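Both complexes shown next keep chain A, but they swap its partner, so chain B is in the first and chain C is in the second.
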Partner chain A sequence: MATTTMTTLDPQSRAARRGMSDIAIRNLFIIPTILFLIVFNIFPLLYSLGYSFTDFRASTNAPANFVGLQNYRELLADPYIWNNFTVTAKYVIVSVAGQVFVGFGVAMLLNRSIPFKGLITTLLLLPMMLSMAVVGLFWKLLYDPSWGVINYLLGLGDFEWLGDPDVALYAVAITDIWMWSPFVMLLSLAGLSAVPKHLYEAAAIDRAGPIYTFFRITLPLVLPILMIAIIFRTMEAFKTFDLAYILSTQPTTEVISIRLYKMAFQEWQTGRSCALAYIVLIMVLGVTNIYVKYLNKVKER
Partner chain B sequence: MLRKSLTALAASAVFALSAGAAAAQELTIFWAEWDPANYLQELVNEYEKETGVKVTVETTPWSDFQTKAFAEFNAKGSAYDLVVGDSQWLGAASEGGHYVDLTDFVKKNNVLEKMAPATVKFYSEYPGNSGKYWSIPAEGDAVGWSYRKDWFEDPKEMEAFKAKYGYDLAPPKTWKELLDIAEFFNRPDQKRYGVAIYTQNQYDGLAMGVENAIFSYGGELGDYSTYKVDGIINSEKNVTALEAYRKLFAYTPPGWTNAFFAENNQAITEGLAAMSMNYFAFFPSLLNESTNPHAKNTGFFPNPAGPDGDQFAALGGQGISIVSYSENQEEAFKFLEWFIRDDVQQKWADLGGYTCSAAVLQSEKFQNATPYNKAFYETMFKVKDFWAVPEYAELLQQLNQRIYPYVVNGEGSAKEALDSLAADWKATFQKYGR
Partner chain C sequence: MADIVLRDVEKFFGSVQVIRKVNLTIKDGEFVVLLGPSGCGKTTTLRAIAGLEDITSGEIVIDGKPVQNLHAADRDIAFVFQLYALYPHLSVFENIAFPLRATRQPRSAVERQVRQVAAALGIEHLLARKPGALSGGDMQRVAIGRALVRRPKAILMDEPIGALDAKLREDMRMELKRLHIENKSTSVYVTHDQVEAMALADRIVVMHDGVLQQVGTPSDVYAHPANLFVAQFIGSPVMNIAPAAVKTEGGRVRLALGGGAAAFEMPAELAPRLSATGAGGALSIGVRPEGVQLAREPATGTIDLEAHLIEPLGAYDIVDLKVGEGFLRARTPAGFVARPGDRVHARLDPAQTHFFDQRSGASLGIRLGA
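Here is the complex of A and B:
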């Protein structure tokens, strides 16, 4: 029980002198948060669940009619929606895998004593601090086939990064990898620096090779914290909107949140978009649950 | 001391009350963020001088203009007294009860005679031919074309063009000539391309572009009174028109897969394309030497005719409507009365606004004021528009889903794309019981 584990107030403290009990203080801190959550999270969540079973359109003053599961049925039978989900899944896999690979790689490189290590780490964190919209707009310029720097440096002529339907999604993922690898790097660095040095010394005495050391010592010890980074990035990648919306309009880059945005705020199909939002929510919950289960297993080891 | 602060308190209370009363003498107009909105602000400053009523033009970027306006309507918000809304909104805004019915105002003030007929039909009337009006034509706009005069008038180019195509190089009068000229100037090895067209599929960009081909080829999007689309949107004429649009796409600069008004003006300012499709409202910046290094060499022409001589253009532009949730409706009506006055419309045109006033449009002064005003005047009498039904955004989305893969990626055929679109639209109209 929370109340029994709570430490008692220091009798010298100001709160105690005012005669506030532990419970009063606990309530003071927790009740506003709970109220806030109920008003701004739980209530809209339930309200929109109700809407998802209606044909409600926010742009008209017409009342909402109950249509049962029709919205869900039609959405799940729509080949364009399935295309949006396929695109999203591809994007999540490519972008998160890329970020883990690059982020963890850079962290390994930085996890040794090199000159200006602090400065380099700070500079590497810069992409993460920029706004999504800004990153999208300037990568659009970098990718431009007529005056973009990327084609110029790589000597690709007028290769259409964002115009080619087969490449556009990877181009968006590369931008996301550039922006968010530093996040994975930061968490990995924290994990790496926590690995006890004596383990490496012991491995060296036993003449363990670098690959063996990596897979038997480094990776298992960093994995729990790396998994947290992966969960965060997967959830974010699933919700990606800004980058994909700004960079390309190819149907092959229309991730589910873009379709959802158009349905909700351009077409004002409020009921149906609520249903789609619920389908997305359930998917994200499913994926995160699998991750969390795995994370717990990793921690137990 | 206490008395002093009490007096101060009372004074500030009186001040606050009077400020509250003065607030009624203010109007807020909502529009998108672009040059015409700045011209409108200059125009309404005159209204303040005349009447003492302060009018503010509030703007938001084009990309979220629709979203923000309807979010405010849906919440029944009174933040905006008037809105300069897109023509496609008429259905949604009138059926949703967001606009005040202006039918009596239009009849009483002879708006039908004062404004060019096409503008009243498309910016004000809903449903079509119903005699019900929801706005006053404010900013007339349609799609026209800009071109590089220096490339067209280069003697060497003219000679080579005549040798290849058998007629003189000049701004195209037909879509066939448009295709020839686009092909002629398309030289990727020199980083020069034939043409810039609309391809963006996020909202109405691609639709506005394709409409120029469809309408000039003699096609229609459907029957706007019976909602019949099968056999109309996928007619032979429309198939040929869409094939022509796809051909034009082959002559666009590389990566022209997400292009709308900003990109198409860039095609001219960056010296990328010989011709560029765009709304007339974006042409002033092409004549400005600080924004276009080729300003002196930029010319303009109206959307060319199709094979049977039909010549139409896609409509842009907006009408000004009173928001039903406004608390200053009476004042807003007074403002509209002022806005449609002939001298105000003349001033609106002088500032750079595209007036819809028939008298101003027909005047020599207006037509000779800029190199594109004549083309604008000619175009405004032959414009057609997209569906204005409340579900227009769904129709747009379906058009984007079906047409974009064909035009930009070359998937399938024009016939297949339009047949599927006809089926989608039919289903949508059935869903809404039309």
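Here is the complex of A and C:
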């Protein structure tokens, strides 16, 4: 029946010239994608939802018992879990704020005609292209108290960046800022260059100073695209695992995904960790929804 | 309000010179229109006055103060952009209030002045809207409101109504004229539309290739064009321009057009006045279509010509008369020549005939019968 409702290919299209029918295209491209999504995304999502209501442990052969909402109840009442969430929130705020500040600042600097602008932009984008694990490993070297480059350059002696429990989280955030500011910069740059030049001319004629022009013209016009960058970065920061895991073992840097990892694969509390994963998912959805609502409001203006 | 003086202003873009030694004085309260074809440097001149463009050399004086090294913000002038340049994220009220807020004026004064300007422009009902929800004409009204609200020394306008459709353009033209009469603000206005220039200007400045061609009142520029460029640029339908030769037979002076195909009688004083100018070179004459006078019956000084094309324009007709290989366009009452191919009797009005040096294009300044 599906074949009868399908419209035929545009005879001019390249696929049609190669002699592919609509059905061939469907079989070749769309069915594998959907299968892949079902097997690796949708199935685990639903399956883990089921597990989150059981006391299942993947390390034993014991059958899973249905325990209802017990996992959720216990997790939400656990002060240690809340501590993990507090750490995560602190990390998200510091890291995203830092990225926006640095990324937008650099974008402002680059948004003019300077020599080698393309080259500079490309070089600045490099950190973003590295693997998280690699970044974590070499920042560990940079932070090293006895022979790390950072202490040497800043003249901090043997300051413990990652050993000091009060500083470690910020050290991880700094690494994240270094790595992901370019992403914010790239989107900001796109936003900034989309602001029509004649608006700045009009503002100059209207005798607006640079600060007034920035807050009244530049920022509001770039805000929608900046919001998109912030949404992406908040989601990512919330889920941060590898960077924090590699850089530090301090309890003060135990963000929620590290706790989740430990619960699932070190303590083998499979059912409970599924419940935690769902709590995290709902939280991320909640936060991004607030952002998206705000973004739509900004766009309406 | 203030006067604006340009002294020897020059501007290069790289090696291209776009303004050449421009000298111009715009008096306090005057409405001056810079008129010229696109690329003639008129917009660059305007932007240089505003401070949006640096000048290479020369001096710009506003209100007695040299400003060529000041930023746009420090020149205290307003600018109306062709494409409005309204702040898209701000309401109409905030757009008009922007220049006041930017200079930290008290809230009550802002409110009062914005409402006053909005009332003068008839856009009070639009104050809460965003620019994106306005028509082109209303957007330009808002842009003009933003320029008027802070009572600047001068208002500069860069083809402000060029993007509107014909009907709206005419309405806005009237409105600009009314606003100027009410506010008496020094205004500089750039356009390529000579009708707009004639309708609005106290004085017209005709520019071509970065050079001022002529500065004068609309009637002056229309009646006494300084050169062939101005003659052809101003006026619609366009002035007839043709190479001409002067023939003297006995006491009579004739102007031969179209390689001698037609010789129009001219007053005898033409010959001595021509030789007095010392321009011995080739001569071109210019006659506006209304200067070509047609009659059905032969009269003294008329010659017999064939109508080739007739353009009925409602209020009047434009008739193309065949003269040798070329044409002479005449303006006649509607329906005066019935159909192409009819023969009519034509003469040139000496008072409306302009004489130019063909090579330099400059007017010889001969005004017959005057």
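Just so we're on the same page, the second predicted complex is superposed on the first by the 265 of 301 C-alpha atoms of A that agree within 3 Å, B and C clash if a C-alpha of one lies under 4 Å from a C-alpha of the other, contacts with A are read in each partner's own complex, and residues count from 1 in each chain.
The criterion applied here is as follows: a contact is a pair of C-beta atoms (placed from the backbone, for glycine too) under 8 Å apart; a residue touches a chain by one contact, two chains touch by 3 or more.
This structure is a prediction, so every number in the text was calculated from the model and none was measured.
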{"item": "Clash-or-fit label for the pair chain B, chain C on chain A", "value": "fit"}
{"item": "Larger contact residue set on chain A - chain B or chain C", "value": "B"}
{"item": "Chain B versus chain C as contact partner of A:239, first or second or both or neither", "value": "neither"}
{"item": "First, second, both or neither for A:90, with chain B first and chain C second", "value": "neither"}
{"item": "Partner chain(s) touched by A:158 [first = chain B, second = chain C, both, neither]", "value": "first"}
{"item": "Chain B versus chain C as contact partner of A:199, first or second or both or neither", "value": "second"}
{"item": "Superposed arrangement (fit on chain A Cα atoms) - minimum chain B/chain C Cα distance in Å", "value": "51"}
{"item": "Complex contact set, residues of chain A against chain B", "value": "57-61, 80, 143-147, 158, 160-163, 165, 245, 248-251, 262, 265-269"}
{"item": "Chain A-touching residues of chain C, taken from the complex the two chains share", "value": "50-52, 71-74, 76-79, 81, 83, 85-90, 98-99, 101-103, 130, 146, 150"}
{"item": "Chain B to chain A touching residues, read off their complex", "value": "66-67, 70-71, 73-74, 92, 95-97, 188, 191, 199-203, 253-258, 270, 272, 390-391, 393-394, 396-397, 401, 404-405, 408-409"}
{"item": "Residues on chain A engaged by chain C in the complex (per definition of touch)", "value": "196, 198-199, 201-209, 212, 216-217, 220-221, 301"}
